[in-house]
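Structures for review follow.
Okay, so subunit A shows up in both of these, paired with subunit B first and subunit C after.
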Partner chain A sequence: MNSLILLIPISLAMGAIGVVVFLWTLRSDQYEDLSGDAERILYAEDRPIVPKDQNTARKHKETAR
Partner chain B sequence: MPPLRARHGTDGLKNFKNNIISCERKPSPHPSERYDAVPSLTPETPQLIALSAPSIRCGSCVAMIEKTLRELPQIDAVRVNLTNRRIEIRTLRQDSDLDGILSVLARIGHPATLIDAADQQDTGKDAIGSAMLRAIAVAGFGAMNVMLLSVSVWSGADGAMRGLFHVLSAMIAVPIVAYSGRFFLISAWTALRSGRMNMDVPIALALVMALGLSLFETLRNGEDVFFDAALTLTFFLLIGRYLDHRMRCRARNAMAGLSKLSVKTALEVRTGGQVHPVAAADILPDMVLRIPAGERMPVDVRVLRGSTDLDRALVTGESLPISAAPGDEIEAGAMNLTGPIDVLALRHVSDSFVADMTRMLATAEEGRGRYVRIADRVSRIYAPLIHILAASTFLGWVLATGDWQRSAFIAISVLIITCPCALALAVPVAHVVAAGRLMRDGILMKDGSALERLAQIDQVTFDKTGTLTQGMSMPRTNLKMETQTVAALAELAGSSTHPAARAIAESLPPPPENLGNITETPGFGVEGLLPDGRRARLGRASWVREIASEDCSGEGPAFCLEAAPMMRVPLRETLRADAEIAVAALMEAGIPCEILSGDGDGPVTRIATRLGGLNCLYELDPAGKVGRLQALAKAGHRVLMVGDGLNDTPALAAAHVSMSPASATDAGRAAADFVFLRPSLQAVPVALRLARRTARVVRQNFGLAVLYNCVAIPLAIAGYVTPLVAAIAMSSSSILVVANSLRLNSIAKSRDRSRNWRPQNEIPA
Partner chain C sequence: MTQLKIAERQIAMILSGLIVLVGLVMAAAGHGDPMGAHGWIVMLFAGVVFCIVMNVLEDPEPSEDRRTSYYDDPTKVGIVIALFWAVVGMGMGVWVASQLAWPDLRFDAAWSSFGRIRPVHTSGVIFGFGGNALIATSFHVMQRTSRARLAGQVSPWFVLLGFNLFCIVAASGYLMGVTQSKEYAEPEWYADIWLVIVWIVYFVLYIRTLARRNEPHIYVANWYYLAFILVMAILHIVNNLAIPASLTGAKSYSAFSGVQDAMIQWWYGHNAVAFFLTAGFLGMLYYFLPKRAERPIYSYRLSILSFWGIVFFYIWVGSHHLHYTALPQWVQTLGMTFSVMLLIPSWASAGNALMTLNGAWHKVRDDATLRFMMVAAVFYGLSTFEGSFMAVRAVNSLSHYTDWTVGHVHSGAMGWVAMITFGSIYALVPVLWRKKTMYSWKLVEWHFWLALSGTVIYVFAMWNSGITQGLMWRTYTESGTLAYSFTDTLVAMHPYYIARAFGGALFLAGAVLAAFNVIMTIRKVPDQASQRDYPTNSEAAEPAVPAGE
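Showing the complex of A and B:
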């Protein structure tokens, strides 16, 4: 019985996290171009995992989007 | 639009100079002028440009465009959207060189057009779609959690525990139904207020009743509550609604990308000979305009200076270009082919030929407004029926038992279980699957009602020019000339951009370059000098006759070497790809076809004969076409109109349902229910087959829903429906209907394979 006091909020919170994450993906326009995103991964240029300088770091971020 | 990433801040100054230069050398009235109308801040403000490039087709196009554009100095960030075939660009400055960007894109094989600010608002961010998605997510969250609590109750939670679960469910369900169910509640309310009945009325009633009853039961610590039913209903129904909405959005986006024909700017010739760009809407009568070759007339005009040839195929349906000289009047929309002309604007753009067509279109559309979608027709019968059923259940139980509370509970459970979940999904899911299927075949559909109407047709009328035919060609067989003469003809023809000349050049082998001094006289023809000093002419008969030794009558452009007999080059219209097969397939399906054309007797009859002796009407003006369609409608026929021209626009709107090729005018595409992107006319029978199959699936879905009700309603009236039964019955009926609709996809696929359907390239728009 006492376990429910803990378990119900946990299950609700987990559901709520799911909703919030979905709303975030929606807000950041991740569903705008689904077919494009699927293709993009094939054409992303190879880059060193550890960026060499500031400039590449920025470019890296850019393509990662 | 994903957030665009800044590339570099320091490039700004370097580009400042570039941009000044680019602005100075750009007096053209190009799309960039239109963009300037967008509220501009300071020149340093980054500018967002949205371009539509229909040729984007795969990931490598995306990678290439982004790479190429990113290298341009003035561009800050680029993002290509493959789904909408759009390019979004952020430039460093407001007055960037748009022409430069467009020409770079054209060079790498992706010609793009600017999306108008007005269209952009229309098709940019889909606010309603996002709101629906949010509502779906929230409803899904609620449904899952309440279901979790309900399952505990159903598996035996009792006493205080059950009460706690019910209160928790209520706290989740009430706000979520209010938030996510607002689409149905608002729609039902507006329908009721205007005295109409739609599918949302029983839905909203079921939602509200389920919540009200459950709240009441919760308060009095009752046994059965329907919170989970209310939430799963909202969840399922919203998915159906969202799919429907998305289908229409996608079609609209795809169509916005096709827009390229309409004239938005023109060149005004001021006193002193200076030329200024002027927006089409600002053209006043008596203004003098210069129309370069390759442009369309923005308004109705009269020619002042110069002569040229006009392509009126999209305006009147005439297949052969006509010549125009000073004094001639030209309708808006006609294309100037060969030489620049100065013209006098006769009317304001709102009084011109295009506007006339728009007005006729509006009147013609009124007739179609009477069509009631099948779902609404069903709900008109269904909604009152279940309301009466619930009311009589209540009365019956009160009379039989005298227990008000129990009677109300049973009556409301009747309403909940008959909530048209499966009915509301039956139509949109089938239509969405069909629309996806059509899109893969290169056919865009405006909305689901078009598919319903297409399934009903019993006659097809075709426009000729541009729909059944595409351009012209020269039949090779009946040219009896020496090789030298043929070479001269081919070379003359090859030097002109006139469509007739193009057609001749394309059907002849490429000539050696023998002629000298080739000149084109707009409105008359092309002339060149043979190596022996004689002249050769190709063009209008009266002009070619001047150098001929002997006259010759006949059809088509005339050709002659100086002091030799004149000859005529016969031209035939080429049929659109697969026109014969498509017409034959329609006839085989028992659907008579007819040609309604604005062109003359000869060309129309020739095409009709080639297509197997179709009935044809020629020299029809736009009103004549509408009249013919209305006569057919009065005789009880439901007609599909296939056309592309401006003169077809009212007819497209007047027909029961209409299709147009992607090459049609903007107005034509706007009036048509379907637009096919590939050159093949097979699109017509393909769409018809799918529409009929969809109609069958929709009927099956309704059958399933009725079957479900036949089982569920007696149970509910007898008082056997518990929340558990309701949850199982409603979900399973919805899933059954969705699964049946998905079958449409697989049927269509296997049939296509067996018919050996070959996919064709889409028109590079």
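Showing the complex of A and C:
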């Protein structure tokens, strides 16, 4: 079955990508505040958040950690 | 265009100029072959884009800081194009359906034969309507949920227009008889290569926009859209592996043959259903339904769980299209098992959507836009149940190759995909163009009932037709011969084919109303500057029931 020799590894590799991405979401705290995450999209203003200054924004992030 | 810097307009002009050259090469090399005709189409398409960009090349630079606003122009154009394709694709569908009931409607032309216009219908609605709607809404959703502007200014246009060039080359090719005979993957090698380029740019654009997000959490809709983009790329590449018969012609030969080819095709085919027609539109559902209902998703945790369920289960189900074939039994059983397992994440999503509306039924009653989304969730639940059921080998022995399959596909395509898309478009258009409301809420109401009755008539006609057909095929006489000839089944199906064409026509009429309503909203409804994406009070968006009615 040469098509299966191709398809099964590809499908497994795609699953592996899924697992890696899922582990990344766990490590980057994607699931810390699920109810807040679900609600924030409802109340967001219709414009992007602009970091006032790239450098201060970055510092902010670092101190927050 | 006004939001592009001069340097960006130059890039756009160079790109479209390059594509004109590609078209020229195709026209010259493929002279006398359909590929030559495609060369002219490519040249014309890119030439028009080139002229549009050249006209505004020297216009003043955008003055405002672009980071303070979302980039909505590609979304707006994408929505209008999607509605155009809806009317074209569904119109072709009604024609194809009518040909089955009244074969004379072919008018004796080669290009209008069933085998050529049927793919124009399927590609027109799936890729033209669905694809453009997915691209447009994904641009909207990725920006809103990331609280960041698109990561590119030219690339969204490249993705949108490039994808439409692919759709045009595909549709015009079918009429000329260009096909590689793979369902939902009919376009030939050069169109396939072009789509890969467009799709990679799309994926990179999405990832770059997410990377510059100002909101730490990636909203669940983005995961669905991302899965749609990434998986479609892989499926498309694998299924379209082919060797062109010559570089100056459209004809190519698949790298696989026989049952190998069938397995590759249905691995692609069913996962296109999974990741194009399901995951992408679930992304739409998970953003626009809560927005419109003004309620967060009932269980956000469940929405994430069902996402990962779909990702890990769906990829294995393709072989259920090949029950009772030369494919090994265990592969068929594998596909069947995963198909049944899929019911869990599918119903989790459908139930989650309906539970989100629980407590807001008065809004569903008053607001046809929200009702579109609710009905979409119901049909999603119904057709995923039906799909799991039909994948069981014993059921498949009755349903396969009959109109039941066609009914199943359309309960998903009309009831789920088109309904969620129209609901999202009605929710999105006033927001995008900063209008107070749609031009006519009554037309939305009319559209809803036309679409629902059209879908129900269509699906019931095909269930009846398919089961009748399946049972007639397996009826034996006492002496052990088949009781009915093929013509007998055709005669039995004729009334259902008329009903199907009628249901499709109702659905098409609804789509025409939608296109009219959206265009009138853009042109006639006064602008309104709103602070939020959506008014906080749904009555403010659309008067629910006018006084006196």
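Heads up, the rule we're going with is that the second predicted complex is superposed on the first by the 47 of 65 C-alpha atoms of A that agree within 3 Å, B and C clash if a C-alpha of one lies under 4 Å from a C-alpha of the other, contacts with A are read in each partner's own complex, and residues count from 1 in each chain.
By definition in this document, contacts are C-beta pairs under 8 Å (C-beta built on N, C-alpha and C of every residue); 3 or more make two chains touch, one makes a residue touch a chain.
Owing to the predicted nature of the structure, the values given are computational and were not obtained by experimental measurement.
In the superposition on chain A, contact is made by A:Leu26 with subunit B only, not with subunit C. A count of residues in subunit A touched by subunit B and by subunit C gives the higher number to C.
When the two structures are aligned on the shared chain, A:Ala16 is found in touch with subunit B, with no touch to subunit C.
Contact with subunit C, but none with subunit B, is seen for A:Leu7 once the two complexes are overlaid on the shared chain.
In the superposition on chain A, contact is made by A:Arg40 with both subunit B and subunit C.
The interface of subunit A with subunit B overlaps its interface with subunit C at residues 1, 4, 11, 15, 18, 22, 29, 31, 33-35, 38-40, 42-43.
Those residues of subunit A lying in contact with subunit B across their complex are 1, 4, 8, 11-12, 15-16, 18-19, 22-23, 26, 28-29, 31-36, 38-40, 42-43, 61-62, 65. Subunit A makes touch with subunit C in their complex at residues 1-4, 6-7, 10-11, 14-15, 17-18, 22, 25, 29-31, 33-35, 37-51. Residue ranges of subunit B in contact with subunit A, taken from their complex: 1-3, 5, 7, 58-60, 62-63, 77, 80-84, 130, 133-134, 137-138, 140-141, 144-145, 148, 161, 168, 172. The touching residues of subunit C, counted against subunit A in their complex, run 65, 67-70, 143-145, 147-149, 214-219, 230-231, 234, 238, 256, 259-261, 263-264, 267, 287, 290-291, 294-297, 300-301, 304, 308, 311-312, 315-316, 328, 331, 431, 530-533.
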